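Sharing a structure below in structure tokens format, with a few things to ask.
Order of writing sets the chain letters: A, B, C and D. Residues in each chain are counted from 1.
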Amino acid sequence: MSPHAGSELKECIDQCLACYASCEATMMHCLGLGGHHASTTHIRALTDCSKLCLTSADFMLRGSEQHMALCALCAEACGRCADECEAMEGADAVMLKCAEQCRRCAEACERMVATRV
Amino acid sequence: MSPHAGSELKECIDQCLACYASCEATMMHCLGLGGHHASTTHIRALTDCSKLCLTSADFMLRGSEQHMALCALCAEACGRCADECEAMEGADAVMLKCAEQCRRCAEACERMVATRV
Amino acid sequence: MSPHAGSELKECIDQCLACYASCEATMMHCLGLGGHHASTTHIRALTDCSKLCLTSADFMLRGSEQHMALCALCAEACGRCADECEAMEGADAVMLKCAEQCRRCAEACERMVATRV
Amino acid sequence: MSPHAGSELKECIDQCLACYASCEATMMHCLGLGGHHASTTHIRALTDCSKLCLTSADFMLRGSEQHMALCALCAEACGRCADECEAMEGADAVMLKCAEQCRRCAEACERMVATRV
């Protein structure tokens, strides 16, 4: 099992699952808006973030060795997704809220990587 | 999108994600205990429940038509997993807590199915 | 384990995995085309099909009781996705090839359900 | 999209999906054997490998930037899983066949990483 304090691990799992849910809902919202909101780049950023959040949570829940490498990739995907959502012309409340969730998840994942022992 | 009230849908998604996490952690716990706790039947019940929880949450988040059919299957898997955890000789606190989570998730999924309009 | 002949089960698992891959690649292709190809309805049909293909394959691989209920849902999603791809104005070779794969997968899933004993 | 030749990418996706299927089936087989075959270490190695194979295939299908980082993690998980299967006392034909599939998948993933441009 991970050398992390249980509460830190639990917080990161919770953030990953919340971020997965946020990205999936935002993706449908953006497809509904259409145009550049539904571009390959934007939908892919949301999808990559969603998938890495789920995979990271999964590896943390199993106490798998590779969970820190996945948290590092997840933090990267969360950062890129937040950038995408914030930078988009016409970013609305749903997208900005998703960006905030991505930032919180990225921070939680980075804390997991930083506390590596 | 679903005809369900937003709060009911959100509650069901949250229960599904919490149940997924509970089943994954309990699976590792049971493999650690070994013997009949690590039997095919028990681990499969936990895995099936975990996978259907994630898939149901996913379809609810996308507002997909088939989310109610998946909630019905998920309620079934949750019920079976809870039965499995409770009936097992030597069921400990982790397993009983997982069974409780499965029951809560089954109820939330059944409410989604019952309110079908 | 399933009462199905091994070869029939294997064929269905293979079709599900091939259909998952086809839907994911076609989704990116359609987002690239933009316009109605990137509509919520179209992308959701591809996503639902992709997810149910993976989940059905997963339950078949584990020999889980609920694999036939999932194959039934998968056949439904495959049929809807094929209809969507074929009916779309401006459907190109990628979309028509995806529709063909969806039809093959739907048939394999229906055979699993039909041979229920 | 990836700078890889299409055929190399396709080969890696196919190996990942085949390895996912092999690990899931072998997991059920090992739980059925019980004892050290059903140990946390062994089942976790199979599960980690299965999940990373699916995630890597998924990122390759979407042409996502992080697919090479995931292929690197996948190759690692495949190698560990193959070692686990081969080293186990009482490894039978199913386990040895799974180890072979893991080796093939690890090689395909390593080729993806090596050809990075």
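We adopt the following convention: contacts are C-beta pairs under 8 Å (C-beta built on N, C-alpha and C of every residue); 3 or more make two chains touch, one makes a residue touch a chain.
Small disclaimer: the values here were computed from a predicted structure and weren't measured.
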Any chance you could check whether B-C or C-D wins on number of contacting C-beta pairs? B-C
Copies chain B and chain D touch via same or different residues, half shared test: same
Report back the single chain whose CA centre is most distant from the CA centre of chain C. A
Between chain C and chain D, the Cα-mean centres are separated in Å by 23
In angstrom, rounded to a whole number, how far apart do the mean CA points of chain B and chain D lie? 27
Tell me, which residues of chain B touch at least two other chains? 28, 44, 58, 62-63
Which residues of chain D touch chain A in their complex? 44, 47-48, 51-52, 55, 58-59, 62-66, 69-70, 73, 76-77
With touch defined as at the start, can you tell me which chain A residues reach chain B in the complex? 13, 17, 21, 24-25, 27-28, 54, 57-58, 61-63
Would you tell me which residues of chain D are touching chain B in their complex? 28, 31-32, 34, 38-40, 43-44
